[in-house]
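Per-chain numbering from 1; labels A, B, C, D, E and F assigned in written order.
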Amino acid sequence: MTAPTALNLPPVDPLPEATQAYFDKCVEKLGIVPNVLRAYAFDIAKLDAFTGMYNELMLGDSNLSKLEREMIAVAVSAENRCFYCLTAHGAAVRQLSGDPSLGEALVMNYRIAPVTPRQRAMLDFAVLMTNASATVAEADREALRAHGFSDRDIWDIAAVAGFFNMSNRMASAVEMRPNAEYHAQAR
Amino acid sequence: MTAPTALNLPPVDPLPEATQAYFDKCVEKLGIVPNVLRAYAFDIAKLDAFTGMYNELMLGDSNLSKLEREMIAVAVSAENRCFYCLTAHGAAVRQLSGDPSLGEALVMNYRIAPVTPRQRAMLDFAVLMTNASATVAEADREALRAHGFSDRDIWDIAAVAGFFNMSNRMASAVEMRPNAEYHAQAR
Amino acid sequence: MTAPTALNLPPVDPLPEATQAYFDKCVEKLGIVPNVLRAYAFDIAKLDAFTGMYNELMLGDSNLSKLEREMIAVAVSAENRCFYCLTAHGAAVRQLSGDPSLGEALVMNYRIAPVTPRQRAMLDFAVLMTNASATVAEADREALRAHGFSDRDIWDIAAVAGFFNMSNRMASAVEMRPNAEYHAQAR
Amino acid sequence: MTAPTALNLPPVDPLPEATQAYFDKCVEKLGIVPNVLRAYAFDIAKLDAFTGMYNELMLGDSNLSKLEREMIAVAVSAENRCFYCLTAHGAAVRQLSGDPSLGEALVMNYRIAPVTPRQRAMLDFAVLMTNASATVAEADREALRAHGFSDRDIWDIAAVAGFFNMSNRMASAVEMRPNAEYHAQAR
Amino acid sequence: MTAPTALNLPPVDPLPEATQAYFDKCVEKLGIVPNVLRAYAFDIAKLDAFTGMYNELMLGDSNLSKLEREMIAVAVSAENRCFYCLTAHGAAVRQLSGDPSLGEALVMNYRIAPVTPRQRAMLDFAVLMTNASATVAEADREALRAHGFSDRDIWDIAAVAGFFNMSNRMASAVEMRPNAEYHAQAR
Amino acid sequence: MTAPTALNLPPVDPLPEATQAYFDKCVEKLGIVPNVLRAYAFDIAKLDAFTGMYNELMLGDSNLSKLEREMIAVAVSAENRCFYCLTAHGAAVRQLSGDPSLGEALVMNYRIAPVTPRQRAMLDFAVLMTNASATVAEADREALRAHGFSDRDIWDIAAVAGFFNMSNRMASAVEMRPNAEYHAQAR
């Protein structure tokens, strides 16, 4: 099994029971332990903080569908050209949408992806935050409200977009390597 | 008390006991409840995920001193021109360093700040991650190792830099407003 | 059959015999008539000029293998985020290399793609030409020669990289749409 | 006679009869063999593919006047700071327009050049394609249609702009050197 | 007394009487001789040309208040990340406005600073000139006129913004060092 | 006589005697009153401050030749795409060098201009200051010293480069229009 990053930071061994159980559940549900989890597993406090935030954001309660959150993940990761996140979340978009070409389009250029105008506004905001966050103004939030997004929805869009701006940089900084299984999923 | 952001998302009321206790401890230690916490308090699960990751990163165990972590916070926030984070973490650098002009220099242009060559390498890596993460390569990690940083230290630098790339964008996206008290601190 | 671009420029009808024969050969060999050919078919002189240059560059005599030429095509198209070219030439890289993840890596971030140092130098030159051609200097050509590329090879690298800087812009300007068949090829 | 580029790729010698005739016609009409032709003449198939496309685009049938096509050539080449193309096509604009300062203005900053609003829209589209092709959208094509450009005209604008994005990069990559005669022409 | 720049260019010694008198007046009024003056004092003709232009612009007759001119100075210097000018003119904004947080906001991100819409338009023009002067067009001047600025006011805005684009670069090029006294002023 | 800028700011009338004498000398020496002087002549204090600094910098004592100062003027103005300054100082380079193609090359892309390595280092520093002044470091000054430039020379390079970063922006902000006579000079 290759190292999940370019850093020499092996997982604690043995893993605490709760962590092992979580990893086992990943294998059961996804067929793999995502390498991002193996990467963080050298320090269980860090792993727990990461999964705590990730699961709240991507799987928790929100008016944004899981697919929409994954769409934001991919559009942001494409701006940052993050190989790990594009691979893993591109697969998620293909799977959740049942439309492989949607995942590809978001990886390549979200502006030509076949999404609704409301989703396009959501992605435009996420990409603006990614590339020029200091210029975000009330008019940009109003553009989201005009598409029916509530203030809570705006928070959620911003939180997902913000999170992947962290994860993309973390992944690139340590050369995080995606599990080989993602490439063929849901094609 | 002005709203902590431009979104209409009031805190849960009353706050859960544990949250209230945490806020009380902030007032006791810092004299204020940082507005970032008031901003997240509309949803306690989100607040807890945020403080969990923040406290682990900025206050937890690391070979990077707390001041060094704050220096990364400011250098990254300056690239992203995040008013909230520059105000709050600029104050932290002034306080922890006892050198007000160091805080100012990091806000204005980290390249002229009076830091050690080792710290400069650390900040260069953090800023590279911020501006061009897709170009980070083994040579950049080697440059850190040449200054005596271990792989664990590299992880910590990357994690702090990554975190503020999230927080900066979150703060700008919702127009987070720093507590007025920061401006005069440790001048 | 959907229009190959956002412009209302139907193909000449009927196609001249030689063009029809060429399209038939495409179907026989590739299973499709690539939409780029259908797009140009509103004017046979333009179609012939395009295919003349394309075939000479991508299929003609060169020390660069066909796979290497396709690798340049994808790396350049990724910089320009051209959906059409990334889809079509990403498929070509997957097919010619027999390595689907190589195609994906070049689409996402060529810097982490598993290529030889010689190929990396070739792609670095192609991407430099794409992003900052006015800065290309003798030192950049020398870097290629140091990897064993001849002056003729440098010409060929430049010609392929130049060509896709044209095609990417043409495709984006008219919203050229890739054939649906590419997405699933060679996964 | 100095080499037409920084590469050591001498022309085939003797030139094929048809090529020699074409070069002779250039001397007769322009007083020179443009160095771009001498550069390609190391391989007659490449030369023919290049001149085939060039002549079709710049001299073939189009609703864009030859001057307008040269204006696009210069505006695009200015964005890419291509010495060869600015020199050769700047001279062409001066000659075709009879207005030397128009050629200069397009070389320096097309935004202040004295052109019609319709031509300005054409140049804005060409420059947008040059600098940010992935963002071109239907609204940009509509802006051209609002100035009376047909879909065929849009194709032609895009094709000329695309072509010079190729030629600029090719010229810079091999350090193509303009014939000295251009500088004084039509001043 | 540390050198005012990284260059070894000591002031003429003794200073001419008029220069000495000017420096004495600075000490009397500001408590310091600003290091920019000490930097230029190696050549009195250069010093006089600099102070001549500076005093005319920043202290001379204008419909822009002195505070507004200092606001432009800081907003422009922030774009250029000039440590010297941000330190000196940030202090001036704090002093003239009596609002320390206004100075900080302009240093960090002028877009969130609490200024009037008219002042915001003025700063937008100054920042546009700083970052993309070649794109300034009549519409940008009209936007100022719509806020009641006269053509003379537009000249003054442009002149101050232009001046700091010079001074910022001069200061960074020679590593000009701000007097330590500025940091604590008017906090 | 057309207005020298897009602003409605006519010269004081009549001009003060000294100003009129200066303008008369311009006509005698250059054949024209440069429009930049006519533009500033609405306010004689501003005109005098400008000419005071300009003449000191461009005509005063320096180890940089007048041609070298004009070369910096053009290289900087090309980065900022300033039509006025490129026209006026491009003519000056042609005149002082006796080499029209040198003026053209500096306007188009200074990197391919036939200058000495020492002059190239000078222009590289001027262009670095123009595009990324906040990154200038001691190593950049050392690179100039390695070519034999003294600290005084570095000051002069910086001062000329800084000045044109001001003038370029001023000229673009008010749409300053070059005298028609420049275009044909010294071709």
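Here, a contact is a pair of C-beta atoms (placed from the backbone, for glycine too) under 8 Å apart; a residue touches a chain by one contact, two chains touch by 3 or more.
Computed from a predicted model, the values in this text were never measured in an experiment.
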| item | value |
| --- | --- |
| Copy pair chain A, chain B: interface residue numbering same or different (half cut) | same |
| Centre-of-Cα separation between chain E and chain C, whole angstrom | 51 |
| Mean-CA-position distance for chain E and chain B (Å) | 30 |
| Shared-contact residues (touching 2 or more other chains) in chain A | 81-82, 109, 134, 175 |
| Touching pairs among all chains present in the structure | A-B, A-C, A-D, A-E, B-C, B-E, B-F, C-D, C-F, D-E, D-F, E-F |
| Residues of chain F that touch chain C when the two form their complex | 109, 111 |
| Interfacial residue positions of chain C with respect to chain D in the complex | 6-9, 42, 45-46, 48-50, 52-53, 56-57, 60, 80-82, 125, 129-130, 133-134, 136, 138, 141, 151-152, 154-155, 157-159, 161-163, 165-170, 172-175 |
| Touching residues on chain B, where the partner in the complex is chain C | 134-135, 137 |
| Residue numbers on chain A that touch chain C, as the complex places them | 78, 81-83, 86-87, 100-101, 104-105, 107-109, 112, 175, 180, 183-184, 187 |
